[in-house]
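In order of appearance the chains are A, B, C and D, and numbering begins at 1 in each one.
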Amino acid sequence: MTGSQDMNFNLGPCPFPSPLKKAQEFFVTDDDQVLLASTLRELGAAGSDAPTFEMAGPREKIFFDPRKTRGGIVTCGGLCPGINDVIRSLVMTLSYAYGVPKILGFRYGYRGLSSAGKGSALELTPEKVKNIHEDGGTLLGSSRGPQDVWEMVDTLVEFGVNLLFAVGGDGTLKGASAIAEEIARRGLEIAVIGIPKTIDNDLEWVTQSFGFNTAVEEARKAITAAHAEAIGALNGIGLVKLMGRHAGSIAAQAVLASGDANFCLVPEVPFRLEGKGGFLQALEERLRHKRHAVIVVAEGAGQDLMEKSGERQRDASGNVRLKDIGDFLQEHIVRFLKERKLEMTLKYIDPSYIIRSLPANAFDSGFCLVLGQQAVHAAMAGKTQIMIGHWNRHFTHVPLEMATKRRRQLDEKTWQRVLEATGQPTSFFTD
Amino acid sequence: MTGSQDMNFNLGPCPFPSPLKKAQEFFVTDDDQVLLASTLRELGAAGSDAPTFEMAGPREKIFFDPRKTRGGIVTCGGLCPGINDVIRSLVMTLSYAYGVPKILGFRYGYRGLSSAGKGSALELTPEKVKNIHEDGGTLLGSSRGPQDVWEMVDTLVEFGVNLLFAVGGDGTLKGASAIAEEIARRGLEIAVIGIPKTIDNDLEWVTQSFGFNTAVEEARKAITAAHAEAIGALNGIGLVKLMGRHAGSIAAQAVLASGDANFCLVPEVPFRLEGKGGFLQALEERLRHKRHAVIVVAEGAGQDLMEKSGERQRDASGNVRLKDIGDFLQEHIVRFLKERKLEMTLKYIDPSYIIRSLPANAFDSGFCLVLGQQAVHAAMAGKTQIMIGHWNRHFTHVPLEMATKRRRQLDEKTWQRVLEATGQPTSFFTD
Amino acid sequence: MTGSQDMNFNLGPCPFPSPLKKAQEFFVTDDDQVLLASTLRELGAAGSDAPTFEMAGPREKIFFDPRKTRGGIVTCGGLCPGINDVIRSLVMTLSYAYGVPKILGFRYGYRGLSSAGKGSALELTPEKVKNIHEDGGTLLGSSRGPQDVWEMVDTLVEFGVNLLFAVGGDGTLKGASAIAEEIARRGLEIAVIGIPKTIDNDLEWVTQSFGFNTAVEEARKAITAAHAEAIGALNGIGLVKLMGRHAGSIAAQAVLASGDANFCLVPEVPFRLEGKGGFLQALEERLRHKRHAVIVVAEGAGQDLMEKSGERQRDASGNVRLKDIGDFLQEHIVRFLKERKLEMTLKYIDPSYIIRSLPANAFDSGFCLVLGQQAVHAAMAGKTQIMIGHWNRHFTHVPLEMATKRRRQLDEKTWQRVLEATGQPTSFFTD
Amino acid sequence: MTGSQDMNFNLGPCPFPSPLKKAQEFFVTDDDQVLLASTLRELGAAGSDAPTFEMAGPREKIFFDPRKTRGGIVTCGGLCPGINDVIRSLVMTLSYAYGVPKILGFRYGYRGLSSAGKGSALELTPEKVKNIHEDGGTLLGSSRGPQDVWEMVDTLVEFGVNLLFAVGGDGTLKGASAIAEEIARRGLEIAVIGIPKTIDNDLEWVTQSFGFNTAVEEARKAITAAHAEAIGALNGIGLVKLMGRHAGSIAAQAVLASGDANFCLVPEVPFRLEGKGGFLQALEERLRHKRHAVIVVAEGAGQDLMEKSGERQRDASGNVRLKDIGDFLQEHIVRFLKERKLEMTLKYIDPSYIIRSLPANAFDSGFCLVLGQQAVHAAMAGKTQIMIGHWNRHFTHVPLEMATKRRRQLDEKTWQRVLEATGQPTSFFTD
């Protein structure tokens, strides 16, 4: 493996300043170099101290005797395309590849491991899960919020579960970690494997989480719809709210995939509404020139603007309940343009539940299949307190502690591409 | 950035042998470690000798004076979802981000740069390309096969083109390289940038080429159709041929995305038809047990089996023209099962042209947009004789020489997952 | 043409009462007979007094000299899949079939014919409209509400328009009628042809209006999504609001097309929420037995229940502005089940704008093409003050007066099929 | 109900001849009148002798005692979108609406009623069929060709079947008729109801057969693909073969739905290839002017042209096996244009199996649901030897004898619209 360092593919020195106005902080230099290697083995001797993850995959020797092993699956949090694919893959791999004789599905999230919920556990067989990936949602049902850890471990012991697979996001993975710690405290031999589910794609060390690709496909359709509505009325405005509580990935990626968005607002980049160069003024200017506008906003954007009203709440999982930025923008836009005597029509589209409940597209289905395979390989090899990640083109074992330490946000380069693609002014971004 | 090396997430030593029969050569050990880093900067001092690529992206200083620059675009080879997205992105970025005043589209591949074809060149403007990404195919038209390099460089000079963007596969990139060499020989200041197009996903240093994702989505539908046909008849066989002359990536990925394929044949893994444990016998066994079978075959599979008939030809691009493995398999299956007195029905589906001519899905559209942006950034900075790659989560500059040295094939891990997912016997693979 | 009257295909007399509980008023007898004939010609002498419509189609002699004729097109009201197909068909047929040299598109509904709006009229050519059917919405833009009739006729005269095509619903057709009357009053030779657009399918003498088929396809997806959400939570409720101010056709047809809806509420059949056998109690019973429920409600349903709050408004077109039955149901359901101590999750999906802005599916595209052809044939033959209808398998000329006399509602048979398909109790219907 | 006869909506007498060149035989006059009425009841006294069908629907008194009744279902012939919807509707209606306790599904067409096949009969329950409409194909499997009638009636007696539902086309309905005759001969009380299945839409007295709508949707996609391929090459030709052995309905309707087809060839209108004004010359002319062409051909078109080669065969059902008109056209086009020294590329797309195996779209799903309901109502009321038709907006009972007397073909008006929409010359049509 040899790279391109010694080759020259420059026509010559560069005398002209770039006209890219919005890219100041984003410029790349020739010293920015991307590794060919993605593994320690490929890197060779040089990089022996480089930080790494264990690679996921089947091990030659395993910890559990398959015939005496019992699997358990739980799915938590909001719906996301692909959950059924993951369940199916776990069941198929446990049954066919390893010959595990019994697999239990606990219903409605961690509630299914509580003393109140454990009674409804389902036995999962290949026959039962054969076609579930054709449907969105989750066969097992889901719920938000934590349950008593002590009770949940009692349930695992009571049902004889040796392998627990927890499909969920940040909160779920923290829950899985707490379960694994209690298991360790009791000295039990139960592997706990997390499978990262975040439609927002906001988990660290997961290049692209399952369901995200499907979500972007459908989100693009909502933008296309908003564009048709905007074009279809005098000074028409199409406003689309997309998922993304803390990260604008779906919004950004859908904007890049569409050619129709004129503004994109995300949680990572605060903006101001009012005043000269503010968002409302920029919107008015666009309408006066182009007679229509399409705005894409991530649900977590502009929270600071709404804070004064002081109505923050927490949902059952303890997440801060966000105010609806779509309603908020709609109100302010309508009021502002009315004051400015601009006749207009605004159509607000919120496709969230339609997106969340879709079956996985082909990319996500294939990805979920492999996630499930890797989770089973890890569990059978006695790995615990990890989640299956995907990084630099490899599936990995990511310690739950590392995975939940911080959220992943939109990277600067993607944001710069969004600025280029929308052509939106940067005057109203306050960062 | 710290990795997980010092953490322990093993329940204990592993006493049991894995029951995975087909995975002997695929087992992973705990010494297989995936780098957290993907750039030299992230890797730090340790890896200063690691092979790398230059990172793509906008440069602060550029080589060409935008107002005096003229772009040229050419699209070559077979259709692939996303070509129009790339054209659109090139035109939008050149026009809006850099202010390049004139862009020419040469028609029908390199033919458009020949003296015979140059007369049909189109001027491309943002208005003209605004909606082309809604349509599959290529606005410019395409063709296969090389043209006289001397003539093509003459055309670039005649039309005053400073930046040439060539969208195409292996042959196209070799052609671009030859053009760049002739340009260097003449001492001209013309940047030549390749944009890799291969629906088969068989180019090195491109994690996933544009159009591939869209192709897998549609290929899965063909497998679903074949499954319905197979189920719908007594001993029904659904046979799907998918693209992949030298690499079985589409076939493998579509099989992973679908739950319906029972056999998958790819160019990388030779197989035998006849005899004990041969493919035909394995198929018969499945039919006798399950009453239906779905076979997915990549177009380049089994070429050695057909070789005796000695009819290899070359197409206009000089590629070996493969015999149709679908027809070949159909004949042999029907004959064999007739001999074995098994009443059956076979339906053969070849969705190639429907797939190739699709518009890009959201993933590919977004990816094409960025490819186009990066190609323009590179060209404006005076880079030449490179293509835009994507590796370890970064867009890169890949020397054309490196890019075309060898083809990329299905990696072993994906193949192992295909074996797991289909449950197909390995007795007929001869490798 | 001979029917089946004299044939016997009964096994014998029927001794048993039908167990269909909900069908009392829907039973059919052997005396209910469907005509083979759909035209007067087919019916023959017998039916010479039967009421009829003129059949649409090209006439051998026409009223206008094509070379001296000028067309005008206006699109009004809410978006609906297929408007662009109609525009395209009008332009293509006028240009290519008749050779009409100039066609004007007036922008943003009747506003485009007002003195304020007339300045923005576009010239429409085959080149310009060639691909517009790939996009939803309307190239011309739309608006609601009437304009001054005197002014609009002045505009037609000023621009030399001889043929006015007005695409829209009830209000638009009344407007077209008023324009035609003013034209007659002035003794002008301008043909006014209405093209019925109602996504709700609530116009008399139009078997299935354009866009309806596309709408039902997408509405079914929303029900599928609601079902996944309902299944995905303990006592999950999926609530889908669909278009239909005065007619529940979309809701009913989408429920028949889906297998997932458990309740269907439409404007035509009043219902009560509270009390024994009321909707809320029926919902609670279902949840206690089945743990999930999917409710489909047409936007015009239950208006009487909301009337007490006294907030009826009128929109720009003078239509009564309905309160949101989705919000209303959501509130009442959540409150009721909370009182009944039933833990539950409700997801409310309103796909209206996404549906309205879709491009037409194949059925609707083909239908719109023919509507446009027939409208041009009628106009060229000097027909006026009619709309193009479709009845008993034929395209017809329907006098605008007949078309707008009353609205079409869900027929009883469809409603009975909905009752059968959902299995919903009838205890809460008050009709 | 009053029609529009006495209203005048003509601007005046028509002095100009129509410029529509291709419409001579298609002109409509004002004497062509469409009935408002579709039933005898609506028509009133006047039309008491008009030929009619019995209206389908639930009867107040029924022939069979539901608790002692046993249903049987058989699906025959090629796949068609919606078969599973019909099976599901039959089972749901028999079980839930009537309380029929047992329903048998016979496998692989009439083969399942033969002594060889009867052993594989499945019991069908609501639980088993709940989700089958999500999949294309038929749960029961299908086959072509007749079986011994005597044996089949024996099987019905042996299994105690009182109601036989046969889903299939022309041959299947003839088979059902023969079964019903044998039943009558033996004096048995078994109702035989046909459910018309023809993806080609070529059965009389069925306005639009199930699956046709779905087929046209997908067929349009194939034409779009062919268009992209045609545009993408110098003198590119996209050739699409669509289903339609004796009727060009799918081809015609897909051409109307698409804007991209330049030629449409159907079985009903013979054409000549060679000579002045022949198809090949017309194609060459188009290529020389427009540089691309899209041809849509129904599989039954041009059979006379291929007859000389004398290779007509019959398939298992006794249908004449047609030669592949796609291959035939491809050969002749390539040879002809080569002789004419026109460089070209032809891409041939045959989407048949992909179309046939699709799940039903929303329109077809809803239609299949009602077909199934009506078939059960008819059978329970002791009707026999009929099929469920749909005519003039009503579901009907059509005697099997009437249904299979002749095939339905493309009507002249649709053909005229196809001529208008494609703009193809009529010089090569020999009719």
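Quick note on the criterion: a contact is a pair of C-beta atoms (placed from the backbone, for glycine too) under 8 Å apart; a residue touches a chain by one contact, two chains touch by 3 or more.
What you see is a predicted model, and the numbers here were worked out from it, not measured in a lab.
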{"item": "Pair of chains joined by more contacts [C-beta pairs], C-D or B-D", "value": "C-D"}
{"item": "Remotest chain, subunit B as reference, centres from CA atoms", "value": "C"}
{"item": "Centre-of-Cα separation between subunit C and subunit B, whole angstrom", "value": "45"}
{"item": "Distance from subunit D to subunit B - Cα centre to Cα centre, in angstrom", "value": "39"}
{"item": "Whole-Å gap between the CA centroids of subunit C and subunit D", "value": "26"}
{"item": "Multi-chain contact sites of subunit A, meaning residues that touch two or more partners", "value": "131, 135"}
{"item": "Contact footprint of subunit C on subunit A as seen in their complex", "value": "79, 107-108, 111, 135-139, 141-143, 221-222, 224-229, 231-234, 236, 347-351, 353-354, 356-358"}
{"item": "Residues of subunit C touching subunit D in the complex", "value": "1-5, 7, 9-20, 23, 26-30, 32-41, 43, 46-66, 88, 93, 96-99, 130-131, 133, 189, 191, 205, 207, 213, 216-217, 219-220, 253-254, 256-259, 361-363, 365-366, 369-370, 373, 380-386, 391-394, 396-399, 401-402, 413, 416-417, 420-421, 423"}
